[in-house]
Amino acid sequence: MNNNTLSTKFLGCDSDFASAGIVVFGAPYDGTTTFRPGTRFAPSTMRMDSIGIETYSPYFDADITDYSINDFGDLDLPFGAPLKALNMISHTAGHIFLNNKKPLMIGGEHLVSLPVIEQAAKKYPDLKIIHFDAHTDLREDYLGEALSHSSVIRRAWDILGDGKIWQFGIRSGTREEFYWSREGHTSMCLHNFATLDSAIAEIGSSPVYFTIDLDVLDPSNFPGTGTPEAGGVSFTELVKAILSISKLNIIGADIVELSPHYDHSGASTALACKVLREVIIAMSR
Amino acid sequence: MNNNTLSTKFLGCDSDFASAGIVVFGAPYDGTTTFRPGTRFAPSTMRMDSIGIETYSPYFDADITDYSINDFGDLDLPFGAPLKALNMISHTAGHIFLNNKKPLMIGGEHLVSLPVIEQAAKKYPDLKIIHFDAHTDLREDYLGEALSHSSVIRRAWDILGDGKIWQFGIRSGTREEFYWSREGHTSMCLHNFATLDSAIAEIGSSPVYFTIDLDVLDPSNFPGTGTPEAGGVSFTELVKAILSISKLNIIGADIVELSPHYDHSGASTALACKVLREVIIAMSR
Amino acid sequence: MNNNTLSTKFLGCDSDFASAGIVVFGAPYDGTTTFRPGTRFAPSTMRMDSIGIETYSPYFDADITDYSINDFGDLDLPFGAPLKALNMISHTAGHIFLNNKKPLMIGGEHLVSLPVIEQAAKKYPDLKIIHFDAHTDLREDYLGEALSHSSVIRRAWDILGDGKIWQFGIRSGTREEFYWSREGHTSMCLHNFATLDSAIAEIGSSPVYFTIDLDVLDPSNFPGTGTPEAGGVSFTELVKAILSISKLNIIGADIVELSPHYDHSGASTALACKVLREVIIAMSR
Amino acid sequence: MNNNTLSTKFLGCDSDFASAGIVVFGAPYDGTTTFRPGTRFAPSTMRMDSIGIETYSPYFDADITDYSINDFGDLDLPFGAPLKALNMISHTAGHIFLNNKKPLMIGGEHLVSLPVIEQAAKKYPDLKIIHFDAHTDLREDYLGEALSHSSVIRRAWDILGDGKIWQFGIRSGTREEFYWSREGHTSMCLHNFATLDSAIAEIGSSPVYFTIDLDVLDPSNFPGTGTPEAGGVSFTELVKAILSISKLNIIGADIVELSPHYDHSGASTALACKVLREVIIAMSR
Amino acid sequence: MNNNTLSTKFLGCDSDFASAGIVVFGAPYDGTTTFRPGTRFAPSTMRMDSIGIETYSPYFDADITDYSINDFGDLDLPFGAPLKALNMISHTAGHIFLNNKKPLMIGGEHLVSLPVIEQAAKKYPDLKIIHFDAHTDLREDYLGEALSHSSVIRRAWDILGDGKIWQFGIRSGTREEFYWSREGHTSMCLHNFATLDSAIAEIGSSPVYFTIDLDVLDPSNFPGTGTPEAGGVSFTELVKAILSISKLNIIGADIVELSPHYDHSGASTALACKVLREVIIAMSR
Amino acid sequence: MNNNTLSTKFLGCDSDFASAGIVVFGAPYDGTTTFRPGTRFAPSTMRMDSIGIETYSPYFDADITDYSINDFGDLDLPFGAPLKALNMISHTAGHIFLNNKKPLMIGGEHLVSLPVIEQAAKKYPDLKIIHFDAHTDLREDYLGEALSHSSVIRRAWDILGDGKIWQFGIRSGTREEFYWSREGHTSMCLHNFATLDSAIAEIGSSPVYFTIDLDVLDPSNFPGTGTPEAGGVSFTELVKAILSISKLNIIGADIVELSPHYDHSGASTALACKVLREVIIAMSR
């Protein structure tokens, strides 16, 4: 019988776990989001709408089906218990690294990146981070909470220390965050990717975790997010940056902060699916 | 490892085909819809949102997990080729009947009911139809096309003949359709289910195909449909009717005409999921 | 050549002015709306969406095409100049009455009823008014303005005096408005149509202007309006009331306060089209 | 100078804290919501849209400005830290009770009721609870978390014990929850308010905490909520129930689970404002 | 009497057929759309919203009212019967060409271009095509159907052969489609209009059919379409390209794939109206 | 007690009137809007959503809390009476100027700028105007009304005369308006800010009123407006222009034409809040 269950897997990610080089999984958690929640719907909406794009990337002249990718599904995370949720993500990321595969996580809010970064740093002591975002995410805490979407990169710095984190596209934060970065803690490129090439040269062959907060995009390109910040990059600029980053040794990645209900046109979800496709190919080459 | 792919199956429909008594499948086709299309999104949206309801029905005091239900997935139907699409549905329905299971199809537009009714009539020569709808669906043709969402019950009559079809909730059609019905071709109950009990008594133990066009509901309850027709029944009235119908020998059923994009609140999809739950239980007892 | 310009005329209203008994026209004005504007889009949206309903009414067992109805089009009204706008409406209504036809106006906000009532009262000195609404509309003024959507019935009372106005479905207003009515100025039936039959008996064969503010409907049936007031009547109750009113000598009517952009499902516009159909038939019998 | 800052206070709630009998405050927390979040926006959206309704209630023939009501503002609650959020609410409720005033809280998700109930039970050892809801909210825990929107009434039972809680309008839950209630732990009226009068008689002059989960309403009346459950009560039924309950000794209340972004028509928010008005009057008489 | 029927004609297109040089007509067909339908609403929505733009183009320093343009209305096309629909379009296009006028069709999905191209090729054997699109539209078939929105340019190639088709803005398709083009069948400019000037030079004075799939625009500019493809051109780039193309001998044109319901802001429809205005002027000079 | 009333003041504008250098106030009036109204909701929606942005501007490296800004609230303007509304605005602006403070008004439609410009011209006889807009706004009248959103700059010219008004970003108007400007009445820069630097040099230290119609932005950046005009500037270009303008002696300013209901993503409102922040800082340095 010919049958076809829609929505089961992201487009073209139908390898089994054992044979896959990259494992895609969803972390639909938005429990610390302060302004407008809804990123919990990103992984399942992206699966459903991924049938609207092609498997072939004219940017890379490569096809997602050229590689073995597993869609591991979504984690079932408790919203009122961030520590428990982060532990579950940590466990999954650890399992993927243990099997010498690369995790590619779909958020959820940005806080979900933290446990994956922790696991990556365990496996790769020389880990570097490339961080695309509109926001600095460098707060010491938010309303007294150290674990928050707006402090996730500060927490990553707690693990990695100075000189390991490159931030791009940043255009929003407190004065303290911007000044703290300038003290040498992170490398921050405001508004765009102007210094990306020199960062890539500097990083060389070190293992890199690549975290994309999709609100690095201008809201014109990506209105479907909780805190739209005007003045961002275009999709074309983002794809060019991913092309550049494909030269690096990416050992794990995530794309976070799609909140699909805030864009009824579906364009934000379709764009996120394309970014996922490009990141998969960038990590596979 | 603990993982969980969301959206794969309708809530609680995780039996395999072989052991299932009811086989749920999607027919995401809206190729002849004349006014506002979009019912093609109903099956996948219902799968995704079904996690928002419970498996237990307080109306029946029964739980969907008490029964063995298979979610067969969605058919991959070509939109510009209605005959080919209907053939694919017919093939699937035939396969289900052949294995002595009951099909429960999720539309799609109402035309998708036709091939299932054809297969049901082949297997059950004494077939009766119970039809819930706002519209008569009794046109001889629409713009010259005999196969149309607005002629589907007329086509069913072509197969079954007079006295086999009971229509409820009807409140829209041409004058000719209403008068044609009154000539004795179908039994039509306007606006509500007033004559349902007598129909049930008349039908007795005959095999019944039960087709629910969800626009039988008032648009206040169900705005997410292509041609909302004010003056319909409430969800409570619909559930009571399904409770009554559960006494019949239902050998197949469908629920059609949810167009989820037209109701951003998600209430229409949530309601459709509850109707699906009640119909599954009604067919299982 | 076979061609068909959509949206030109309301469904079935294609008679010329000379031969028509009823003249439908649009008064897309919402210049004094205080809360949420947008009723200016009602006439054109209703024309476009009227293709989604049938010309036949099963409630009346009559068809809109049985009668000669002219769609006169929309007036081009200046938003910042209410007096000028009202004068233009007055001129149009006078022209229709002069030709011994019945105006059926589509608002716009409720203030547009005033000039038509003025013209009706000129032609029919014994004029009575039947008023369906959620709101009393009996304010002496609003923020100092005597001409306001919330004072339109008070202005009609200025013309007609005590005992000529019957209000139904009312459930919102200031304490002063409710008490003023009880002093004998108008007959007010709260929440529903409970006293409609006795009003009809009292009115007898007097000429009646029938003004329907669609927010008399419960917002569940009709969310597409500027000030949704919970606790209203259902479409079914409204249609029954129109059936009763069809026994009266209706010499003019209007339906106002559809704000189509506030209901993306289109259900409010579809309902308004059905109400228009029923009112046309009620005025034609 | 004449100036007017919109949105500062709920309509007509402009008394200061010292002179007020009722203190309205917002608890914009939705951190444990499992399906669709967004109730955090309810208090501020209700303030802004409250200008669309009147201060006078024709149901009670009373005006909100007849009483002294304080709008205390919203609490600034951390989303990822439910215990801390609940403590802040508890602190506020305690402060209000200590000053011999009645709290009227606007949620937020239903979990926010728990700390107010705790404070109420401290002050009134003989406390009873009247609970309007679509959902049982009687789970022992949700995904292992004892503090969840779906276990809030179970937690209230932990405090009060058997025979103190009356539930109305319930139509969704697990089989275990329904059966657990029937063991005598709570009094549960399915679907509607059929047994409300006998409950009121039984409760007599005992102090009552009144918690309204607005999803007790049918989604046709109230689509703007996270988990719309078809088959609920109408606004008219709800207002009648509030009129009945006004005979009781209500010492505190809340209305929760409005998620305004899911209803673009604004009708859900407008309805919630009217419910708030009626509850204020019911508590003031 | 002063009256004005809104929505009857596109802004400024009020010449009669006989005197017009360009005939605008709507082909509201989306019967083979595979992902998200709704382009059927484009022509009528554009008519209604065209009052929001001006007749004067500062880009061309010309006014649409300087020319004689007829709005022929919309064809009444059967959705389940693509062949019949295409025949009706073919008949209309043939009629326009026969009268030595230029057709300017508003889709509908892209498949509607095919019959107009066929008629154009009959009248102009040396026909060239300029094709703006995000998608290659070069599939041999889609799910076995040769007539599909995603194969329309391949079907045009079947008629015209190699070297006659210039494609611009392309950024989505299967690997096979891109490679097939590179074999010399079409000239394809990825992502933008970089090679437009050389194409114009090459085409010279040959007759040109100009087909604009509006999804050539970036979804930031044009979210109101069925399959939004990030990475497209801006409106400003599109207008510059139309200015260049105005030097060519355009004998017919179309703009397709606006799906207005997917952009509630109306910006996509307003943009499409401006594109229509510019194309009218480009064809008239 | 710790409490926090949301939505009361724009982010960081909590100085009292006496100590403030800039006074922000809302003029929620859209009574002459001809196409799509709704700008009346801009001030209150901006207040509510301003919590989603930061007080720090990385563009200026300055923080809104570095300055003393008063939020004066919104004026309560009658919609059907433009003259009265304009008088109320005039009175407020005069009061602010009298106290030697700078008004920063949030519209509303563009007509609300007129009374502030009148008061500014009274105080500063050498007043110049910088005008950012998609539309010329130079009509002599609109449907016979001299006071209209589309004639506001023409009315300002009536006051100031030739050579005092610089317009930027213009791309829509009648041919007459463009030609009238070229006769030397205003300086008009089409599409962008190309000539801004020379204008700034020319203006020197003269007092400048700065009026920003936010539809100067491309609809991709700002869909939430009544008449979206493709082909506009980006947010980044707008911020750069504001940075340049901060060198001028700005004595008053406004930002108008946000219509928040037309952009459900909230991105337009968020952008307007950022523009407000940048203008506050530009006026404060």
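A few points about this structure:
For clarity, chains are labelled A, B, C, D, E and F in written order, and residue numbers in each chain start from 1.
In this text, contacts are C-beta pairs under 8 Å (C-beta built on N, C-alpha and C of every residue); 3 or more make two chains touch, one makes a residue touch a chain.
A quick map from chain label to UniProt name: A, B, C, D, E, F = Agmatinase.
Keep in mind it's a predicted model, so treat the numbers as computed, not measured.
Each step here moves to a touching chain, and the least such steps from chain B to chain F number 2.
Looking at chain A and chain F, the chains that touch each of them are D, E.
Of all residue numbers used at the contact between chain B and chain E, over half are used by both chains, marking a mostly same-residue interface. Distance from chain D peaks, on a Cα-centroid basis, for E. Taking the mean of the C-alpha atoms as each chain's centre, chain D and chain E sit 55 Å apart.
Centroid to centroid, with C-alpha atoms defining each point, chain B and chain D lie 38 Å apart. Measuring from the averaged C-alpha position of chain D to that of chain F gives a distance of 41 Å. Across the assembly, chain E contributes residues 36, 76, 218, 220-221, 263-264 that each touch 2 or more other chains.
Interfaces, counted as pairs of touching chains, are A-B, A-D, A-E, A-F, B-C, B-D, B-E, C-D, C-E, C-F, D-F, E-F.
For chain A in complex with chain E, the residues that touch the partner chain are 51-56, 58, 63, 218, 220-221, 234-236, 239, 263-267, 270-271, 274.
Taken together, the chain D residues at the contact with chain A in this complex read 30-34, 36-38, 40-41, 76, 78-82, 84, 111, 142-145, 147-148, 261. Here chain E touches chain C in the complex through residues 1-9, 25-26, 28, 43-45, 47-48, 71-76, 88, 91-92, 95, 264, going by the rule given at the top. By the touch rule above, chain C contacts chain D in their complex via residues 35-36, 170-175, 178, 190-191, 218-221, 223-224, 227-231, 262-264.
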